[in-house]
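Right after this note come the structures.
Each of the next two complexes has chain A plus one other chain: chain B in the first, chain C in the second.
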Partner chain A sequence: MHARAQAAREVPLDQYQPEYLTAAEYAFIMAATDRIIPEDGEGPGALETRVPVFIDRQLAGDFGTAADLYMEGPFTPTADPFLGTQTPLTPAEIYRGGIAAFDAWCAQTHNASFADLDAETQDAAITALSEGDVPLGPELREFWSLLLQNTREGYFSDPQYGGNAGMASWVYIGFPGARGSFFEWVGRPEAYPLGPVNIAGERA
Partner chain B sequence: MKTFLRLILVLAVIGVVALIAFIFIPVQRTPAQTALAADYTVPEGQGEYTMRLADCAACHTADDGVPFAGGRPIESPLGTIYSSNITPDPETGIGNYTLADFRAALVDGLRRDGTHLYPAMPYENYRMLSEEDIRALYAYFHDQLEPVSNPTPETELSFPFNQRWALRGWNWLALGDPGFTSTLSDAELARGEYLVTGPGHCGACHTPRSPIMTQAALTGADDAFLSGGEIAGWTAPALRGANSAIRGWSAADIRLIFATGRNAHSAVNGEMQLVIRDSTQFFSDEDLDAIAGYLVHLNSGEQAPAEPTETATEQLLASADPSMDLGPRLYLDNCGACHFVNGRGADEVFPELDGSSLVTANSPTGLISMILHGGELPSTAERPERLRMPGFAHRLSDDEVATLASFLRQGWTNDAGPVSAADVSALRDEPATN
Partner chain C sequence: MARTDPKKDVVIIGLGWTGSILGMELAQEGLEILALERGPDRETVPDFQYPNVIDELKYGIRLGFMQKPRNSTLTVRRSLTETAQPYRRLGSFLPGDGVGGAGIHWNGQTWRPMAEEFRLKSYVEESFGADIIPEGMTIQDWGVSYDELEPYFDRFEYMAGIAGKAGNLNGEIQPGGNPFEAPRSRDYPMPPMKQGVDAQMFEQAARAMGLHPFPRPAANATQAYTNEYGMQLGPCNYCGFCERYGCANYSKSSPQTCVLDALKRMPNFSYKVNSEVLKIELAEDRATATGVTYFDEAAQEEVFQPADLVIVAAYSLHNVHLMLLSGIGDPWDPVTQTGTTGKNYAYQMNGGTSMFFRDVEFNPFAAAGSNGVSIDDYAINQIDFAREGFIGGSYITAGISNGQPIRGISLPAGTPSWGAGWKQGIGDWYGHSMSIGSHGSNMAYRDCYLDLDPTYTDRHGRPLMRMTFNWKDNDIRMTQFMRSKIEPIAEAMQPDSWRSSYKSEGAQYDVRPYQTTHNVGGAIMGEDRETSSLNRYLQTWGQHNVFVMGASAFPQNIQYNPTGAVGALAYWAADAIRRDYLPNPRPLV
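After this line comes the complex of A and B, so read on.
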């Protein structure tokens, strides 16, 4: 796992061979995560921290296949969202269906798939998606919340899962990572001086 | 000239006869040292209890094996010795042993057929067992235990160590007088001394070995006794003297180590974890107190370690200064969360590293192995939690482990030699001992 994480980290993002996503889906994830956490903000962006790699690997693994979710039904996708996830689809299937449906909506509304739109139009499209203005069907209604949540996770989680490359997000927010050893700094007014360490023991 | 040749011939004949006699004349067995009453019976439960006192399981139970059915490989400097089956199975165990046969195994190191046991069997120490305890062990192993048919592997040491008859000479040098007489007038101290020197056979690991592998001392009156030894490459720390690992410990501290494997200073590691698991946790409060009292007595002439003060190491670690060397940085990144910047851990949970006998042992084997593979405390009735330190082999390179270990050995008030990456490399693929 560790060796694979190393290898995945070394490949430039545009040459990364996705484990689950198709080329078109990967292009969408690249474009969408880049709008959710853009490069031109205060901290590092989703692409710099390799969030797309994290999402692809999660979808290829137990998260994508719903290995830890109850999937025996009965499924009532139209149930009140307050009752939680009711879709018969796995997270990987929600991404597959969600990307296809959203891209179709983009083609119909903006005459191009999401990845080919300019940043301003992408923001408008993603805003529509986030506000429920894109008709996806009840089985896919978690698509946006999954995409947003998984983008955040890829940004902040330990680098062994493919995202948070170079622990850049931790450096940005001043999180010391998996050190857990700053007991004597509790309550001190100055900033903690050491950079983070990840679960593999690497420092940044 | 003729006379000279004749003399040589006579000496040679005497030598050959003596050698033949040495090899073939049966060794005399040591008789019972106390004549017990003809109607003596072993008190209820005493058999099992004495088995715990003598920790027979340590060697005679194989990993995942039936208790006491033997076959456990014991690594010795001379080769691998396999423990025997001591269940009462007539063919593969001790079912045909009489009390006299059994006593001879314990105190003379002799098998029923008269051949010598290898001294992996601590008969140097069991030689001090009381007749009551010998009877208790015989009752337990011969009469109470269920027989288990389990042929154990033949021990095959290389020449000359496979010549068991030669142990006759070794025994002349190794063995003390049979039975036990305390030099201490206090009855509780004397009981503690008996348990430590005899059944507990603490000296088998904690006393240094002579060049011919005998225990350098067998009784507390000799300063070499419990002055530190080695087992399977790990240091069995000194329990007395200026380097005593338990210097300054109270009787309550010592009792807690034996009852639970952990106390305010330390947590047992290596083979000692098995001693707690299989033996000392079952000792009565009276016996634990007696042992603790005796070990405190052995250390009574030693100065307790100075009260901890803030060291330069602690100040450096607490500064979290990014320019610090790799050693302290590795400590903060990997160790500090549990063992803290003062190296004093937390009572009964995280052992102290400052002053730790594992950290500062002459041989760094135990320390390196602990960093690479971690360790686990045994579950005891008083403290069931199997507290575990994780291994860091996946997280630290050989160079990093060496740098970290060298830092620990020099940190706080520690003052031990550095560790090389080659030392670490040699232990990286070794399976954990626990």
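After this line comes the complex of A and C, so read on.
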């Protein structure tokens, strides 16, 4: 099946029913990922590649529930960040708390929740968040790094996880996806000619 | 104790690289052997099958083949006074889990240490004087020499089917190989890998500067190959999903491709999965072990498995954890500097320079775990430690091993990490960057060690192990020296721009970014029972029927990836057990 055709048949992003996120949180994720990987310029943006769907599904699954992480106390969320994550919260809980705290900061600083700000103000707010200038509290301090990382994951991972619709990010950068065999191409100083395939065997 | 099973001749803890080798070697003696593996079973089909294994999110990012901290982890602190915190999410190092261990998802860069590294303390003292060893550095000799181990390196390399080019054959320097390596008795079993555009460019630049480039030795097959156990490898197709993945193509040397099918056919060998060993049980006089206690996941009960011989092959960190939990050796005390178990934990000091070429197509996805071109001109035996002010060395390589986009796209300095500028950057620079990396030694120190954590416990209620580790000035000076050598090579290659990343003064250990799974020491081998955990045959000094495999035996870290030496030591110990120990079980030293 042609992957773009399949992507087009999926429900439009604004009608997607989130599994984990509330409607307001989903609106935040739509708005924030749209600034992290915007549509303008060359290459697809986060919305075209359906990154919000990916993030929602990840938060609903093992990643969101910290299924693999060591979650025994005592917890010292104020420990030196170099010692790694020390929050008692799961990634899904960090999103819940982080979105609420960041939206509250946006309301206080810019008189509207993040999703309702104009793009320029949104960028200023994200800059503040990424530079640690939004006071979230130690238990939520990984909110930005998770959001950035998960956005990139949704952009670049195999489409089976809900993002990278149409393999558009792979087409854009020239990554051939799951082809997994390049013997003749090692050491050849010319661009690889074939487009990507995904794990389901579809071509972009 | 819910259950005691019938006695075995040998119990092996862990069925990764060393457990598989010891299983095969001892099974050939006709002994009744049981291997206990804490994780699940894994086979090429279905676990590494194409296309499902070509899944960056599942295996490269969510680390589907690695240990889950929820089931097994440790705590980390950077000094004797800091409170250790649990390593809750994997980052800096990625221990394996399940049959094959980390041997399924390694890169396969398979090196021999330099002869000098096996007698590092003596070499330093003889060549530069004992007073260049800084206060608090606790380096030691291994108690075994390169010459003694040479046949066992050869054995491991021919079993695993390593691809490379000899640089020193019985003392004769070979063009195109590493002229600084210790002599080997014959060439590698397979010719070297094909090289990418990046490695070719590096090779040219290095040669033009009078350096000595050679192909990096690889456990990625370049030909059809059958090893001594009748196991077969097929040539690598440069799939670009090597490290962190099992090989779909029967090309990466691993317990699965090189040992396990043959071992499973031995009627006197059996193994159980989902069976985590909790403790090695000692006899009342503590002079021997009586067997092991493990948790049988299927039966949900603890089992005592009696055995005459216990092989600890659980990966370096878990080997030491089990020894600490079982009372094997006295724990190292960094204040009184007594005891041995947990002593001399060390890591790997790496750095690198990324270079950006707008007009060069590197096709980074057409790559394997171990392709690349290296130089050893700044290796341990090439550096005047007294003049440079550090002890150590590094090999230097260019060799792209994958083009997986989530794991990171190298971008020029100043590129934003999000927004339109980031998106522009990945479009401009994906496939147009390469790097030259330094893979360096790390010395041992009084206050870098492993013991039991006072606070945190695992799901069985056992104390977690606590790692105390930080970067030290000596090793930072080493990596800065490498920077001063690599940057001129990078400049000579005339990139559009370049960017360096090396640890600098005051650098603190950060557990979050991946560095290497080259955790060494903690159960070190040596000549003296007062200063080492194991004798030269990897036998514990206190319990003669306990042998401990793995890089935990390294007294400090070598400048190379560990598994070449881990494999050689496994064959060396297996040979001592077969020839010397089984006929007359006793302390071998």
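Note that in this section the second predicted complex is superposed on the first by the 195 of 204 C-alpha atoms of A that agree within 3 Å, B and C clash if a C-alpha of one lies under 4 Å from a C-alpha of the other, contacts with A are read in each partner's own complex, and residues count from 1 in each chain.
Please note the rule applied: a contact is a pair of C-beta atoms (placed from the backbone, for glycine too) under 8 Å apart; a residue touches a chain by one contact, two chains touch by 3 or more.
These numbers come from a predicted model, not from an experiment.
Of the two partners chain B and chain C, it is C that touches the larger number of chain A residues. Once the two complexes are overlaid on the shared chain, A:193 sits against chain B while remaining clear of chain C.
When the two structures are aligned on the shared chain, A:201 is found in touch with chain B and with chain C. Of the two partner chains, chain C is the only one touched by A:85; chain B is not.
Residue contacts after overlaying the shared chain place A:123 against chain C, while chain B stays out of touching range. Once the two complexes are overlaid on the shared chain, A:182 sits against chain B and chain C alike.
Taken together, the two structures place residues 179-183, 185, 192, 199, 201 of chain A in contact with chain B in one case and with chain C in the other.
Across the complex, chain A meets chain C through its residues 35-38, 40-43, 45, 62-63, 67-72, 74, 76, 79-86, 123, 126, 130, 148, 151-153, 156-158, 161, 169-170, 172-183, 185-192, 199, 201. Residues 50-52, 54-57, 61-63, 68-70, 73, 76-78, 83, 85-89, 91, 194-197, 199-200, 235-241, 248, 360-361, 363, 365-367, 371, 403, 405-406, 409, 417-420, 422-424, 426-427, 430-431, 455-457, 508-512 of chain C are the ones that touch chain A when the two sit in their complex.
On the side of chain A, the complex with chain B involves touching residues 2, 179-185, 192-195, 197, 199-201, 203. On the chain B side of its complex with chain A, the touching residues are 318, 320-322, 329, 332-337, 340-341, 392, 394-396, 400.
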